[in-house]
Amino acid sequence: MELESKIEGLLFYKGEDVSVKKLAELFKVSTDEVEQALTKLEQSLVGRGLVLVRKDDSVIMGINGELGPLIESIRKDEIAKELSKASLDTLSIILYKNGISRSEIDYIRGVNSSFILRNLLVRGLIEKIIDEKDSRRILYRPTFETLSYMGVTSIDKLPNYVEVKSQLENVINLNQNSND
Amino acid sequence: MPEEKTKSTYVVKAGSFEGPLELLLSLIEERKLFVNEISLAEVTNDYIAYVRSLSEDDSNKSIAGVSYFILIAATLILIKSKSLLPSLNLTEEEEGNITDLEHRLKLYQIIKTASVDIQNNFGVSIIFSPTERTWTEPLFSPDPKINTTTVFESISDVFANLPKPVEKLPEVEVKKIINIDEVINNLTDRIQTAMNVSFKDFSKSQGAENEQEVKVHVIVSFLAMLELVREGIIDVIQNSDFADIEMKKQDI
Amino acid sequence: MELESKIEGLLFYKGEDVSVKKLAELFKVSTDEVEQALTKLEQSLVGRGLVLVRKDDSVIMGINGELGPLIESIRKDEIAKELSKASLDTLSIILYKNGISRSEIDYIRGVNSSFILRNLLVRGLIEKIIDEKDSRRILYRPTFETLSYMGVTSIDKLPNYVEVKSQLENVINLNQNSND
């Protein structure tokens, strides 16, 4: 059996996200080989009922978003879809600036965001990570759950992702230059 | 959710804004302007009117909520002063605050525009993943760590990590700090009795009790002063850079 | 999306056997059409990580048998692993509250707990029950084995049971009230 098929089976079993590193360990191959296999798997799933969702260095198997409404209709529990204005602002900032501290979020929003952040954490829409550059700093980033809700298989598939990202970077760079 | 509670503190008749930047942005976008110093100066009066309605509204009990608006108002006032009083020299820090506000507003505008797409797509075609599914029959696999002592320790940790309820200042105090009209009235009275009154003395005289309060006082007093300038009641004289601003009753 | 892909997605989501009749109903097609789609799906899965298993009039999606040994070893790893602090915290909440929903656990912990709950379920430390008051709500409670392992004959023998329980209930009520 090809590596991509083995990965497919494993992701199916796990039902949760698995890191590329972990996959390499499990199948005793290099991370490059895993990456290649994931690309092949992604291609073979085009037009099918399953999709591969990728975020950071992890991957999870999900059900094609086209089936979302059908699955919702057969689920027993209600899905919370409403986002308050504050939650929407904060979530958008975190989505487009994947990995951002609370003070940076407060800076952009002009208000304290701790309540909203806790709320988004509880809903599983964001998660905390430790800043690699400064272990005392906590950063927030979107979860697989958020990508799922947005119906995209990776962050860069968010609407106008590239444009928004470059707009943000332009403004940030402009400000840095004027501060010099 | 606590979220809803914080939100309600900003709600006023004019519509609800999550924070000062959202309010500013909507004032600028209403006029179809770009984010820059000129447009910020233009919306300052409306912004102040909103902050005033915030402080008058009895349902706004959260000093923290209102103070966010007032802090941004301070920078806005600086921008407005620059356009009203060309002789007014701003410190480097103040100039910095102005570029900073512009910068924040531009970032927020990008996010706000992008968030429309987020809103429209959120939950429409969800990619489900059966996260809670277990494939095989559970197999009881305890860990030696599970015992009555550790479990009690864990639950105590859980309680310790619960969010602390937000401390609220007594209502009386909130009113004392935030009533901008009261400040304007006081100012007018003092102008009428004395020809010259120092801005520094005036903002001090309002009986602030701590540093944060002093800051809010200075801002509110300054707002009030500019309001009077705008209405042509007083003249403002600043003798040199960083010097105290003198206020004088205008001869009518 | 073709019918076979829709069926694939649905079976992946369900993770249990679904009857041909039920599939026909869900997708508003005839049972013949479902049969044809299933045949196509079977063919497209040849050599892949997933297989379609048919029994009587039902069908279920499973993992290719070739992956059996691998899955078995992963499963062993999963259950032999040391319990994380987050898992122990979650278990303690479930022990003291004995019958608590996922959203309540999430609220108390301030983070989303789905993966942790899955792990506790797999390890047989907790189990799901249906809320008697609301059949759409799923509650979690400790298994009998967990209690005997801890040497407590009943839940109220846990240290400071009465206080902890009422404190937990206060937190949950607080959350409910603020939702109103």
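The letters A, B and C name the chains in turn, as written, and every chain counts its residues from 1.
Definition applied: a residue touches a chain if its C-beta (ideal position, glycine included) is under 8 Å from a C-beta of that chain, and two chains touch if they have at least 3 such contacts.
Just so it is clear, the structure is predicted and the values come from calculations on it, not from any experiment.
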Which pairing of chains gives the most C-beta pairs in contact? A-B
Using C-alpha atoms only, the most centrally placed chain is A
Chain centres computed over CA atoms; the one at greatest distance from chain A is chain B
Centroid spacing, where centroids are CA-atom means, of chain A and chain B in whole angstrom: 31
Using the average of all C-alpha atoms in each chain as its centre, how far is it in Å between chain B and chain C? 45
CA centroid of chain A to CA centroid of chain C, Å: 22
For chain B, residue numbers touching 2 or more other chains are 1-2, 4-5, 128, 130-133, 135, 163
At which residue positions does chain C touch at least two other chains? 12-13, 15, 109-110, 114-115, 118
What part of chain C is in contact with chain B in the complex they form? 12-15, 75, 79-80, 82-83, 85, 88-89, 91-93, 95-96, 108-110, 114-115, 117-118, 121-125, 127, 143, 145-146, 149-152, 158-160, 164, 167-168, 171, 175, 178-179
Quick one: in the complex, what on chain B touches chain C? 1-2, 4-5, 128, 130-136, 138-143, 145-152, 154-155, 157-159, 161-163
Residues of chain B defined as touching chain A within the complex: 1-7, 16, 18-22, 64-65, 68, 72, 99-100, 103-104, 106-108, 110-115, 117-119, 121-133, 135, 163
Can you name the residues of chain C that touch chain A in the complex? 1-2, 4-10, 12-13, 15, 26, 44, 47-50, 61, 63-64, 66-67, 70-71, 74, 103, 106-107, 109-112, 114-115, 118, 136-138
